[in-house]
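Two complexes come next, and they have one chain in common, subunit A, joined by subunit B in the first and subunit C in the second.
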Partner chain A sequence: MRDSYEVVIIGGGIIGSAIGFNLLKMGVKDICVIEKSYVSSGSTGRCAGGIRQQWSSPMNVRLAMRSVELFKNFEKDVGMDIEYKQGGYLLLAYTPEEEEDFVKNVEMQRSQGLDVEILSKSQIKSKFGFMNLEGVRIGSWCQSDGHANPQIANIAYSMAIKRMGGDFITHTKVESIDIANKKIVGVQTDRGYIRTNTVVNAAGFESSKIGKMVNVDIPVYGERHQILVTEPVNHFLDPLVINFNHNYYIRQTKHGSLLMGQGDANPMPGEDLGNSIEFLEEMSQKMVRDFPLLRNVHIVRQWSGAYDMSPDAQPIIDESKDLSKFIYATGFSGHGFMLAPAVGESVAEMIVHGKTITMDISNLRMDRFKNHIEIEKNVV
Partner chain B sequence: MMYDAVIIGGGPAGMSAATILGDKVKTLIIDENDRLGGQLVKQTHKFFGDHEHYASMRGFEIADKLLKEIQKKPVLISLSSTVIGIYPQNTVAYVKDGQIQKVQYKKLLLATGAMERQLPFVNSDLPGVYGAGAIQTLMNQYGIFPGKRFLIVGSGNIGLILAYQLAQSGVEVKMILEALDKVGGYEVHANKVKRLGIPILTGHTIVRAIGDEKVEGAVIARVDKNNIVKGTEREVVVDTICVAVGLTPLIELAEQSGAKVSYIPELGGYVPLRDERMRTTNKDVFVAGDLSSIEEATTAMMEGKIAAMQMVEDLTGENLEDKIYDDLNSLAIFRSGPKSAKIRTGLEKMGINVPKIDLPKPQRFERYDDSKLHAVIECTEEIPCNSCEYACKFDAIKVGININSVPSFDPAKCTGCALCVTSCPGLAIFMKRSEDKAATLGIPYEFLPLPKMDDKMWGLDREGNYVCDVKVKRVVKNPNKTNIVYVELPSEFADMVRHVKYPSKESPYVCRCEEVTLDEIEKVIDLGVTDFEELKRLTRVTMGPCNGKNCKMVVLGILSKKTGIPISSLSHGTSRPPTKPIEFRAFLKEGEE
Partner chain C sequence: MEGRILEHPILNFQRKARVKIFFEGREIEAYEGESVAAALHAAGIRVLRYTPIDGRPAGFFCAVGKCSACLMEIDGIPNVRSCMTKVRDGMQIRRQNKNGDLL
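Let's look at the complex of A and B:
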């Protein structure tokens, strides 16, 4: 750790790491990422790794599509195999309302150039005969969706940053941010003071704490989501399946294990990352019913992670109006990993060029909350 | 020719009897082998038991010692002689040098031993399927290896000992199968093979041998109450299958002699009925050893002596009651442990009074002072053995009057001499000194080549898994060939490492669930990953079904060694539920099945 950097990124999760990597790629070498614990110790380390483009707003679809472009080249660009697989995403509709939404969304998504289609129940049956499809009306299917290993991706970025000449400082906490004349002058950490004029707040569910250090209100809070993993079984499931109606998602990793989770009925706020036995009970009942072949499969481990929830369950990416060069990329609400490559690129562009070049992400600015809030519905 | 006493069978029982009968009455001992000793001659392991009964000696050494005693006495020995029958008028007929010989006896001792039980499985007639005794004979008497890769069926002492001997010879023992849900033999024997990395699969059996002209593999499966569990079959690649599923007494001659037999499974099947002093229903015929009940060589020797003394009393009228009582008492104590429960039941069925003998609990002593070299005794099963007590010249180890008691150890009296380590037949005693960073560990070692000073070796845990690198500091050679290798290792692992071996070419598995090797872990650390959590995510170590219970310490040790950060300062991850893998169906509510 040096005593001065051009850019200091707070938070070494997938978002902070992607931003750091893209800055270096654009030639900004004098940067450091500060991580309070180890790489992938926060939400990224607890994430299931789905990479989806089927969203309900056109801009989100485009941002996700850009991310997929970057994931395709991840191994070459960043230098590590992250188990990326375009095995598709299958969304299941059970009610007429869901069916109507799916049809509408698919139409919009196709207009953005996404390879998405509606599958009839019999089409789903012939593709995934092992599933119990009782009550299913239709599915929404996108082959170019997929999944990867978020933990390895996070560490891959961190190693690339170090290799490219940036600093990635773990086990270091930010204690305060110094301001003089409405400008950032430095960051105090528990391991020393860093002079800098540019700070990126990528602290996930703790980004509001970082915001408070400079009196910038960031309406993001942590929400516990639980997840479990099974023993490895022979490969049978290519896509990630989302069942909004039965409230779960499931995917099979390259290793063979199955990762799955749900949105708890009353998600615990804050940073408590404990586990509940009810989660295992609820998931087990759903799995045995919808995936009868998993009946005798063993659960190996459960854990939980915090979604960094924003008021409309969509990311907040912006530069503060009140404090120059205080940039935040947070509030990803459970889909930060899949957007990280594109967000990393856009935020790096904001820092280098003062605005985004590749993508228009203006709908993710903070000022949207002054108006009507349109909540993203396609979230588990 | 008329003899006072004829002994058929020159194994431990017959030989022990001959040492008593030999200078009292006119005695003939007949054996079909070309030397006396029976099964003892192929036993290269140290025997358990009482010092008076040759504890700590190896089987073939006991045979030599008994033979020397017999040779001092006017005993006639007829070797290479096969008894073909017992005929009326107390006549024994046997073939020697192609000629029938007939002798008569006043008293007969049958010590014909037992034969190996068969196990029915498909292709059990393929070349490459052997009984344990056959393999021991080939290997230990003739120096011939029937194969390179062994599957052993049966985890009684014979199967366990054979596995150890095979490993000593440098061949691979793939696994030991045991149909019951626990190991049959002594725990210390089982531990000896486990720390060599030989797994013992309880609740498993062989279904069939694979191969056309010889054994090329085997299909094994889980068993539940004698039934093979469908769907659990799997193949293992081996070239030799060794069946060690127990012994059956050889009763033919006993029946011909007029002794009644009865089916008592606890004693091994059909056995001759006999009294406490080994006399059968024919007053002139005695039995001893495995013929009377399948047990240890030690009990065979005691029985042989008791039978012989009674025969002397019968023949000469000499009063040997005190000695007989002493030996009966020793035998009762020997059989008072939990491992002899079956034998006691069998004897009771035969109408023999089995006295109840208490097993005193071992005395507990203050915490060990780890900064001085002391013994660590890992003998927790009540088995008949007190060789450590006898070996210790400083009164630090007590077994006491009941030889089945677990030894009490007083570390304050231990001088670190390690004589107990050398004497223990179970190789269950180690030496340890542990200081802040480094520890010294003394490990009983019966392999060749003997390690040399400053050699780097692998420290293995109780299941034979790699724990850490160790450095050889001292090698103590002992006349009984249980040598002691003293190694230096990080003190965190002094209680984990229980065996050492020279590094193999292949990197050892550290995380067996996810099959991650030492090499792979070190490579990732060399990339700059020095946090356990990151290492875990990149290599999957500790992420398998055991959740790191088995290998987490080892991984931390590797990390500590490579980074110089003490283990206590490393993060060690989180212990997440469930602590054991659990099936989805376990969470179904009743009636949802």
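Let's look at the complex of A and C:
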């Protein structure tokens, strides 16, 4: 750790790391990422690793599609195999309202150039005969969606950052941010003071705390979600399956284990990352009902992670109006990993050029909360 | 080769009733109270599964249900610890290829 950097990124999860990597790629060498614990110790290392483009607003679809382009080249660009597989995403509709939403979304997504289609129940049955589709009306299917290993991706970025000449500082906490004449002048950490004029707040569910240090209100809070992993079985499940109605997602890792998770019925906002026996009971019951072939598969362990929830379940990516060069990329609400490559690129462009070049992400600015809040429904 | 201990210096035990179990469709000698892995071992069967990544043969290792070396497909269910599962009359046992097939 040096005593001054051009850019200091707070948070070494997938978002902070992706931003750091892209800054280096654009020639900004004098940067550091500060991570309070070890690489991937936060929400990134706890997430299931789904990579989805089926969103309900055109801008989010385009951003996710850009992310997929970058995931395809991840191994070459960043230098590590992250177990990326385009096995598709299957979304299941159970109610007339869901069906209507799916049809509307697919039409919009196709207009953005996404390879998405509506599947009838019998089409789903012939593709995935092992699923119990009782009550299913239709599905929404996108082959180019997929999944990857978030921990490896996070580590890949952190190693690339070091290789390219940046610093990635772990086990270091930010204590305060120094301001003089409405400009950032430095960051105080528990391991020393860093002079800088540019700070990126990528602290996930703790980004509101970083905001408080400079009196910038960031309406993001932590929401516990639980997840479990089973023993490995031979590969049978290509896609990640999302069931909003039964409140779960499931995917099979390259290793063969199955990851499945849900939003808690009683989410506990905040930092409690404990886990419960009720989750195991609910999850195992509904998974055995919808995937009867899982009935004899053993659960290996369970854990939880915090979604960094924003008021509309969409990311907040912006530069503060009140404090120059205080940039935040937070509030990913459970879909940060899948957007990270594109967000890293856009935020790096904001820092280098003063605005995004590749993508228009103006829909993710903070000022949208002044008006009517349209909540993204497609989240588990 | 007899794979069972017939006389033990300090332990005394009665062999229990004979049960019929099948390994890859072939009948194997087994006695009530024995584990599947023990009965297979006694019958000279040393390869219980093929390993997940390289597909190499794996046999009896820890024998106390911790190491995964003896996972087998028993009565159609994969990933059953054959060292911790007692034989039962009519049991169908198969070598497991890698992590076991659900389909």
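The definition used in the following text is that the second predicted complex is superposed on the first by the 380 of 380 C-alpha atoms of A that agree within 3 Å, B and C clash if a C-alpha of one lies under 4 Å from a C-alpha of the other, contacts with A are read in each partner's own complex, and residues count from 1 in each chain.
Everything that follows uses one rule, which is that a residue touches a chain if its C-beta (ideal position, glycine included) is under 8 Å from a C-beta of that chain, and two chains touch if they have at least 3 such contacts.
All of these numbers come straight from a predicted model, not from anything done at the bench.
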{"item": "Subunit C versus subunit B on the shared subunit A, clash or fit after superposition", "value": "clash"}
{"item": "Partner chain in contact with A:N234 - subunit B first, subunit C second, else both or neither", "value": "second"}
{"item": "First (subunit B), second (subunit C), both or neither touched by A:K212", "value": "neither"}
{"item": "Touching partner for A:K355 - first (subunit B), second (subunit C), both, neither", "value": "neither"}
{"item": "Which superposed partner A:L293 touches (first subunit B, second subunit C, both, neither)", "value": "second"}
{"item": "Which of subunit B and subunit C A:G256 touches, first, second, both or neither", "value": "second"}
{"item": "First, second, both or neither for A:Q285, with subunit B first and subunit C second", "value": "first"}
{"item": "Touching partner for A:K125 - first (subunit B), second (subunit C), both, neither", "value": "neither"}
{"item": "Touched partner set for A:R110, first subunit B, second subunit C, both or neither", "value": "neither"}
{"item": "Subunit A residues touched by each partner, larger count belonging to subunit B or subunit C", "value": "B"}
{"item": "Doubly contacted subunit A residues - partners subunit C and subunit B", "value": "231, 294, 296-298"}
{"item": "In the complex with subunit B, residue positions of subunit A that touch it", "value": "38-41, 45, 151-152, 155, 159, 162, 170-171, 231, 255, 275, 280-281, 283-285, 287-288, 294-303"}
{"item": "In the complex with subunit A, residue positions of subunit B that touch it", "value": "527-529, 531, 533-534, 537-538, 540, 543-545, 547, 571, 574, 576-578, 581-589, 592"}
{"item": "Subunit A contact footprint on subunit C (complex, rising order)", "value": "52, 77-79, 97-103"}
{"item": "Residues on subunit A engaged by subunit C in the complex (per definition of touch)", "value": "130, 231-234, 236, 256, 293-294, 296-298"}
